[in-house]
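Notes to accompany the following structure.
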Amino acid sequence: MTKKTINIGLIGYQFMGKAHSNAYRQVGRFFPELPVDVKLHTLCGRNLAAVTKAADTFGWENVETDWRRVIANPEIDVIDVATPGNTHAEIAIAAAKAGKAVFCEKPIGNTLQEAEDMLAAVREADVPHAVFHNYRKAPAVSYAKKLIEDGLLGQIFHVRAVYLQDWIIDPNFPLVWRLQKEVAGSGSHGDLAAHLIDTARYLVGEISEVSGLLHTFIKKRPVVAEIDDKLGGKAGTEMGEVTVDDASVFIAKFESGAIGTFEATRFAMGRKNRNCIEINGSKGSIVWDMEKMNELEFYSDQDPDGQKGFRLIQATSGEHPYAGHYWPVAHIIGYEHTFINLLADAFTNLAEGKPISPDFVDGYQNQKVLDAVERSSNSRSWVSV
Amino acid sequence: MTKKTINIGLIGYQFMGKAHSNAYRQVGRFFPELPVDVKLHTLCGRNLAAVTKAADTFGWENVETDWRRVIANPEIDVIDVATPGNTHAEIAIAAAKAGKAVFCEKPIGNTLQEAEDMLAAVREADVPHAVFHNYRKAPAVSYAKKLIEDGLLGQIFHVRAVYLQDWIIDPNFPLVWRLQKEVAGSGSHGDLAAHLIDTARYLVGEISEVSGLLHTFIKKRPVVAEIDDKLGGKAGTEMGEVTVDDASVFIAKFESGAIGTFEATRFAMGRKNRNCIEINGSKGSIVWDMEKMNELEFYSDQDPDGQKGFRLIQATSGEHPYAGHYWPVAHIIGYEHTFINLLADAFTNLAEGKPISPDFVDGYQNQKVLDAVERSSNSRSWVSV
Amino acid sequence: MTKKTINIGLIGYQFMGKAHSNAYRQVGRFFPELPVDVKLHTLCGRNLAAVTKAADTFGWENVETDWRRVIANPEIDVIDVATPGNTHAEIAIAAAKAGKAVFCEKPIGNTLQEAEDMLAAVREADVPHAVFHNYRKAPAVSYAKKLIEDGLLGQIFHVRAVYLQDWIIDPNFPLVWRLQKEVAGSGSHGDLAAHLIDTARYLVGEISEVSGLLHTFIKKRPVVAEIDDKLGGKAGTEMGEVTVDDASVFIAKFESGAIGTFEATRFAMGRKNRNCIEINGSKGSIVWDMEKMNELEFYSDQDPDGQKGFRLIQATSGEHPYAGHYWPVAHIIGYEHTFINLLADAFTNLAEGKPISPDFVDGYQNQKVLDAVERSSNSRSWVSV
Amino acid sequence: MTKKTINIGLIGYQFMGKAHSNAYRQVGRFFPELPVDVKLHTLCGRNLAAVTKAADTFGWENVETDWRRVIANPEIDVIDVATPGNTHAEIAIAAAKAGKAVFCEKPIGNTLQEAEDMLAAVREADVPHAVFHNYRKAPAVSYAKKLIEDGLLGQIFHVRAVYLQDWIIDPNFPLVWRLQKEVAGSGSHGDLAAHLIDTARYLVGEISEVSGLLHTFIKKRPVVAEIDDKLGGKAGTEMGEVTVDDASVFIAKFESGAIGTFEATRFAMGRKNRNCIEINGSKGSIVWDMEKMNELEFYSDQDPDGQKGFRLIQATSGEHPYAGHYWPVAHIIGYEHTFINLLADAFTNLAEGKPISPDFVDGYQNQKVLDAVERSSNSRSWVSV
């Protein structure tokens, strides 16, 4: 029995393009029971030489320089939007209108309006949709979800989430697109806080109210002369204005009665990719940190007196979602596998005609929180989401 | 040459009474060069049998049941106020008027007005004054102060402080005095957040604005039948209203331009005494956690590329303040030694006629922040300190 | 300019087969500058249905059930021996005689004689050879090598290496091939201690003398009814004798004057894959643990007094070998990437006509140490390697 | 009802003298229910000025310069021998003959013969005896003992113990008495390995066979000009021979069938006082490290699948031995408290006429293992204890 082939058209070939490409290429290798065959059909980027080189490296069969032609291609089933945020809405909406499944990087839009329009578009077109909130697909995070659903944390009181990086502390770091509001939408807020919000929503539910602060420490930077494929680039000589936040902090109330603190920053010297969440409930607590993504700390009040303590679980064995598809216990997996896991779920649901999780609804809800924090920062008061 | 003897009168003999007594008894043993001899003159408590037993255990020469008589005793040089917060102001002001040096537990008052009155009283009487913000006297914290003063962290961007405990999550935990506003003033806020504020002020400077939330998860509890000497007691059968916060969270701006997040709670299951602060600057970062109080994490951007990382410093060697007075390196000290260090400094300054640090000014500034957070929680907006 | 294609023939498709397949498939994706194209030509296993399924999953173009035919195929350039240890020598020697490059899983042979014969064969045939001591290719380990070579550890005094697992503590765990001497050669010793020895040799140099103990805690187990693709299987009803060690411990002297302790066991409850080495020198120390393979702890005595401490280096940035080929700093990689890195080096050297590292010389030297420990365990005395 | 007063005579006033003095002074403060009153009667040292100053600092009532006069003093009940190892036997035997209780620092003698003579002496005199193996009195270690006795670790397979320090790596560090065999008996071996052996014996039982190596990295050092009160001193200009080991490593078999690895060294750069033991059994494991002495790691195989992991227990609550006598949970205690706990137990048993634990039997058994390792190092083979 032959599996159906799903042809992918990926728009964007930088950091996220590389991560998504790898995931499409690998998903069938680690999840051979997947009901579909995934084909890396077309990679799209504006620079033909560069996109051709990337396609060759990442394993794509065709290249395009205009995303409209990718969408127009009847062979292609899924449009993956991995471009900077200012182009998400236009591409995703066009893809939806063309009847394609739409997979989109987070945050789905640069504004709440864009997110709303995108959600409306996929709903109207009735096409499958997914958002790359990849961190919830770490085995440890998925397992934490299970612990919470099984009641092992009891009633949740506290959420404590930080996403700390340090890559733009140098005032000579150039004004890359991620520091320009018209392209990126926001700074740490949409890039990093969006991840925290997704993990918190996934594990604890909706946020109802926030009081927050978006802050920019360094207001002018040299314009970028040349971008690299990590996150940086070469500084030019002119100076330009930083129009996004360097840091985003907020306190929040959840619909469930829990309260949360959130902090996302690119100014935490020494913290490279510390995406960490702690959740405290009436029966237990969990802690997870992306830098040690294979581990889950779990405290259970049900343990005998004297023997209670945070357990360091190696979330790499058969009981932990996805982990059994890779290597023996504690032969760890990494960042790229969160994307593979996300796609494994996405293609399974796609084939079964079920909604993908997370999808544009999640993207939209996330954007509502981002938007509320921004409004709160402007009004200097609590606002409802 | 004989040293001058300083006679202490200590009001209160529960948890803090035990900690202070130990510190008075030990300070000369570990700091033999201290310019004074410290004598445990009188311990005061309302229950004669109990205070007599405590005095015997802790090593006090005399007991009193009325604090007024302690203050009236001309032999006594220092009045130490280690009672619940609602009595601080009355005792401390009376002691100051009687010309005694006044050492007071934190927070110095239950209200900003009380703190202001207390500060006015010691200033008017021109007597020495001190507040037991003991955690800044951990060698690792004092050493962090030095690193910051030496410029090794550069410009400070972020302060991230949490004080997490879990001792009142059980709804049957009784309504001890620490949960009654008329006695304790506030809950986690004055008890725990006050510590965070002091450490942050000590290391980073004054806080200018805050937006915060005080929250009570469990609003009714059984009244207390019998208190114990740790922090708990035996539950009675009647129910009473919890009138203090269970948790306090706030975001803050510092005068220096740094931004901070603060969280204090008694509802973080599994966290027993996690009093942790992280500070990120343009050149480096530090992390300190009271549960591992002998260690200081330090990240320096000055380390060679490739070799940068948070260093786990055992802050127990001769270079670290106070540590040289105890044991060889990494033969760790504990909670009680922070009080001993505080007294070593206090008596040195007392003998030299210098202001003690921290003193009532610190206590007052601290209270201003506590008060601002409470006002912010009520007004649901940012407020100035 | 077209790159030369290197056709691989892989013998074995279980755990190691999966890991090697992934590495061949991925190496060109992450190391696009590689001077050759790597083609997954033929996968070989005795069970046609199983090997066909594996080939499909892992991405091999052809299958074979007889390794002799793989060796006989003139299209194939590299024979990769990933079978149980008892077949290594025969296959590898035949491959060498056929003029193929030979890549072999560790330990290269089940006996010192086999290792010697294999080394002689590749030397006589003058073919390239490599051994999959993959852990030295973790970026953190390679970087530790650089630190040592740069003199940052000074004279090495101590090596402290443990490889701890716990997967056969249950007496009902079946007698899989890894517990049978005639197939596996030894137990923890060749499986785990061999890794420790390689890392120690790589970083500190040759071991000259050992005193050791091989020990079997559980001497009889149920025969295996059905193997799975991790490391286990289903227990049958008959009992059979365990003919390998459960644990291997030894103390060692290095030629350099350093002394070492080594322990490998499958009986360390709770330790899943703790492959950890600590090295102490006159100027510094390093610690590495495979379960946190992206981190390297480094202590430098050159740091200022008071500021010394073990640094937790995220060995994931451009300065760290291999790491720059993957994701931004602290977006961690995993177990599988150590194989990819090994192949990147191997194919680079292959193309340039240079010896691969590690190669059969390393495999042979490793086996000499394994053999010496076994002799020492039998003679109950120190023996020379 | 008045308690009996126990008068102590302490011989030695350096590092151990300070630690013991503190413990005698504090034991009744934290253990008020102790059936005796402990009086710091006489401190003894050869230098009158120095011992007088020490007595004043530590709180002793009298001083002596000849230990014989302390033993001759009929008021004194307990002789505490805290001098260098070469004088233990003479003093302890004389004290026993005089009918005094004898408390002795570890290792009890410099040779097995001395230990045997000392044990014979206290047995013949039928006097109480104790040895200061203080680390077993850390709450976490005592609690580990309880876990093992309760069967929570099952059958013990592995013991892994290291005591790592780095204070004599500098070749200019002077030849203090601890580096002279005629005074100290041995180096790391008797100083540090003795602690490991005691903890292992306490938790796992007797060692039956060993194979070990005593090694000296630096064979000549400057003679000491002036000692300090930590562990060091000022280097002189002449050179002298180091006659003790710098490092001691051995592998061991326990009577129970467990196997162990032991390493003690003063040459582990960056390790200040890492006294760490891990024990693996068929049902669970524990890890304890003196530098984090308030914590106990515990892995239980009884935890549900998926939720297993090493728990970080804060061994500071009421369930943990001794901890309830100090501060609330996670308000940590330190090195000095292990001595206080040891004395609390010792005086309780003394008052009740029960044997103290650990006592000279433990000291003697410990010395048998030390002696066996030394013999093994000389014979280059396994030897029986």
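Going by the order they are written in, the chains are A, B, C and D; count residues from 1 in each one.
Please note the rule applied: contacts are C-beta pairs under 8 Å (C-beta built on N, C-alpha and C of every residue); 3 or more make two chains touch, one makes a residue touch a chain.
Everything numeric in this text was worked out from a predicted model, so none of it was measured.
When you average the Cα atoms of each chain and compare centres, the chain farthest from chain A turns out to be D. Interface repeat of A-D: among A-B, B-D or B-C, the matching pair is B-C, sharing over half of the residue-numbered contact pairs. By count of C-beta pairs in contact, C-D exceeds the other of the chain pairs C-D and B-C. If each chain is reduced to the centroid of its CA atoms, chain C and chain D end up 41 Å from each other. In this assembly, the C-alpha centroid of chain A lies 35 Å from the C-alpha centroid of chain C. Taking each chain's centre as the mean of its C-alpha atoms, chain B lies 54 Å from chain C.
Across the assembly, chain C contributes 308-310, 314, 317 as residues in contact with two or more other chains.
Only residues 153, 157-158, 160, 162, 164, 166, 169, 211-213, 215, 217, 247, 249-251, 253, 257, 259, 261, 263, 265, 267-271, 278, 280-285, 299, 301, 308-310, 380-382 of chain C touch chain D when the two sit together in their complex. Against chain A, the residues of chain C that register as touching in their complex are 15, 19, 22, 25-26, 28-29, 32, 53, 56-59, 167, 230-231, 272-274, 290-294, 314, 316-317, 326-337.
Note for the complex: chain C touches chain B at residues 143, 147, 296-298, 300, 303, 305-314, 317, 319-320.
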